[in-house]
């Protein structure tokens, strides 16, 4: 079986074949022969030669979460069809959090400088500032004071170019 | 003793107080908003009341609704926990007016200590050292700007009614002053309904060290030693410990005495905390008083053997303190780590979602104060603190190792947490030496990113094995039949096109 | 410090020691028999070794197999826990011979203290008070019968090599003497490979009070105060507490000193326990020395703040004791309840089966030492103790209430446990007063039966609701269509035909 | 729905009807209208008037286990067909535990008195004595020393009668 995992904008390609409790994993031109047992749902004990990997894996709606050696990794399994996919562009104009707009500092037609605060969003009793990622003119403001905003929604559109 | 107490809070602190009540034979009433209907504090309480709309002002901050419900179920006392209504004098007053015992200090004392300017004046009059600054009533920008220049930079802008980092800004130069004041005022207005601020000298190598107080209603006041709370991010504590590595026997005695003087100066009753700033030369200054149980109270409990939540209930029941100052002993070392649903590699932004799995570390001297469990949803309505992990050991070095072990076995899947980050802080050589200030996180972890080396090999193998076990047979076939000449079928890691 | 330690045990004590090692940075090796392959101690250890056949002699008692495995994985030390090989001098010797550090006292000391007769003689020579009795080498029935009559009735028959109630019989009259001796000999033979017994005066209002000892390999010995272990069933402790309600300051000092004298008399090293019997007039007598960590060590840890398991490792690593007797303080009150898979209403018969659900109580000062979890099977091969529940509080009264709360929230489904029974003992008015002796259970709980009033209404309602939710629709229809005239269709409770 | 629960040789008959989260339970001529939610698998919160019942129920192979108010009850759901069932007779001659026979005190043809020890069984490092329930003659001894014995198996057969 051929699988692609996405983690923080990187893709990891791996193949795995199973024979009973033995698994043959190929990654980065190395093959690993491992014995594995699922002790409890999601809790695996994996032996790779002398080494023992203990981990807990859990599935969310979109992501898998891997707890291993005290660290947690959020990973998405993706299907690649031969078409090069374009990664989601992180825009500094999008809201980093779901919350309430408490202050809008700009209006259509304004000129802003890089790092000017354009909107203030409050969530979980903290304020988050949205700053202009580059110099430009405000084309459209998508939210007004007291609006609810969801994570990832674009606060405003700027004309200009990324420095 | 009370027969029934309502706990006007949620999360781990509600759970902790409910258990204290139940151990003492007191019936408990939980309150909850709609999104919290299956939360642990609701499950363990003897009764529970739905406050409806999750917006705090409609539920956990709704004074009339909470008081009415307390009356209708016959609660004789209300414990406010921390946050929400804990330091709201109007709430304490409203309880008193309806004949319900507010488990905390008197409303007047909360009001006085809640006004940071008045609080400082009161302390100055009682000969408690305070930090230089402007605490005037004139709140126009011109006055504040002028006074700010007098105090000098760097300085702090702080909300008069604030607490926990809300409405607080550091200002490094004159340029930033106006915008910072404006922003602090707005945040304070929204959080506390009051936009008054004050300005304060920003100290060199500052440590945040606080003293726990217990005062009964018969004039007895004791302190339960210090807590070192310098490890903060965004002005909120994330790691607390006791004893403080900076503390000397003499300084502890002097600060302890000062804390008792401060509490007596305002006629304080019940549990409270005197927060001090301590500079590089071990000068200390009164910062503020927290008129409630603190988040970090468990480390004091671990080292003194005193149950603070139970004493809150006893004191509110008119019991006299049976613990004498001279009998109190600080023993061993305790650390608390606050487990937050937040992303340390992205400005500590809160993270929401469903907790797919929660498995807590356990063992001798490991205490988990938690208000969450597997399958609970973390919503954006409330503070993103999930739980507190408190460990204690014979000495600081052993205890740091114990905490690192515990964090390494702390499983929370489904939201991003600060667990790996906490571990990195504890592993830092300056932390191990005890060389900490309130700037520690900013100094050493400004651009910290989790897993900067990407997904480790073990995780990749584990995922492949997991998917091999859990993928249905027909899917496996489909994967096998994928185009063998696909350019994506090389096996390794590559960065996605951005 | 050791780099790697093998833990030659299973269950909660293996888990506890593994965690202590891991916190100290020591790699751990678990051993397990086939039926334990998924047990928690195997899951948490860094490495694990399958010893095969579950019969103890083939696995956890198999000295050559354990030593060979320790060598092959490069373990520098072996911790034996309690039970199994913990007090087997041959095992300690075998470790020593192979250059593996046995984490406990020297083999000779184990051998000496394991021979109850020699142990008493040694103590008498060191002026430690001992109970009158026959400790002779002549083991023929005629001699024993004659000596028994000399000691007088009631008397105790005890296995020379015994411990934990195995090979022990109370004899109330001459009639019972021979059969009791025979049975004790057989049990001792089977458990310890030695059928030698001794006879001993049976004390009035006896309490079992023991002192914890720590001794380093440089001649320093301290005691860590007492543990009251009088609450026993079938001569096995089930509830332990400290401080003892019978103890006075003077008696504690005297017994503590005596315990240190006893330990020094045999050149004791590492953690150990001196068990005393204390009669109604507070006379105390040396009973035996346990040359290992005790089941009930956590209550000493809770009240002294000392981590005994870690000190075992440090001492075995040649570290000197840094704790001085004068610095030790007994603070607060701690209780341990042993959670057994057994049926208290049926002679405490062990219960086996699959644990369908295990949910432990938690909160401040609640410690769960457990070696089991949901879905684990309890087999008949080993001791039926599932876990230990240890709570501590500021004083005994608060602590008893805390323990009752904790037991009331302790969920173990799938096997019969002693949890309800433990709760009844704690709720007993004589227990609350501290009026306890080793006869407490026999005196007050001889014919105790759980739920003598049958199934309570709430359980019936809960079951009906549960089944209503979980019964598939077609089954519901079938139940509905059952003969409406059936004589069984009256709704209530009735006794089945016997 | 009509259900019979067996608990310690007693049978409890109860009916329950469900409408959404409301349940109508009839027991001993009383009807209880209850609201119930299953918070987690097996963990129920049941409101009966002002009263709240919290319980955890778990299913074993044969039994259900109910944790309620700090107590645990082992219950079997039984089907009654109109035929009066005879309860299992507890014989004092059966082994109370699975273990090993360490000593057999009798042989065929022996006469025994009530309470005489006839066999000793060891399990979990403890000894259990099987005593004669009445005076009688030994008809058959089913186990010998070192045999494995399972819980409920009959150790020996006696002729005689229960006192």
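Labels for the chains are A, B, C and D, by order of writing; each one numbers its residues from 1.
Please note the rule applied: contacts are C-beta pairs under 8 Å (C-beta built on N, C-alpha and C of every residue); 3 or more make two chains touch, one makes a residue touch a chain.
Since the model is a prediction, treat every value here as computed from it, not as a measurement.
Listed by label, the chains touching subunit C and subunit D alike are B.
One finds 40 Å separating the Cα centroids of subunit B and subunit C. Separation between the centroids of subunit A and subunit C, computed from CA atoms only, is 51 Å.
One simple way to say how far apart two chains are is to compare their mean CA positions; for subunit A and subunit B this gives 28 Å.
With chains as nodes and touching pairs as edges, the resulting graph is of another kind, matching none of line, ring, star or complete. Contact between chains, using the touch rule, shows up for A-B, A-C, B-C, B-D, C-D.
Taken in their complex, subunit C has these residues touching subunit B: 16, 19-20, 22-25, 298, 301, 305-307, 309-310, 329, 331-332, 362-365, 367-369, 392-394, 398, 401-402, 405. Note for the complex: subunit D touches subunit C at residues 1-18, 23, 25-29, 32, 34, 36, 38, 42, 44, 46, 48, 53, 55-60, 64-75, 77, 80-82, 84-87, 89, 96-99, 102-103, 120, 122-128.
Here subunit C touches subunit D in the complex through residues 166, 183, 186-187, 190-191, 234, 346-347, 349-350, 352-354, 356-357, 359, 380-384, 407-414, 416-417, 419-420, 423, 450-451, 454-469, 471, 476, 479-480, 482-483, 486-498, going by the rule given at the top. Remark: subunit A residues 39-40, 43, 45, 52, 54 touch subunit C in the complex.
Touching subunit D in their complex are the following residues of subunit B: 38, 43, 46-47, 375.
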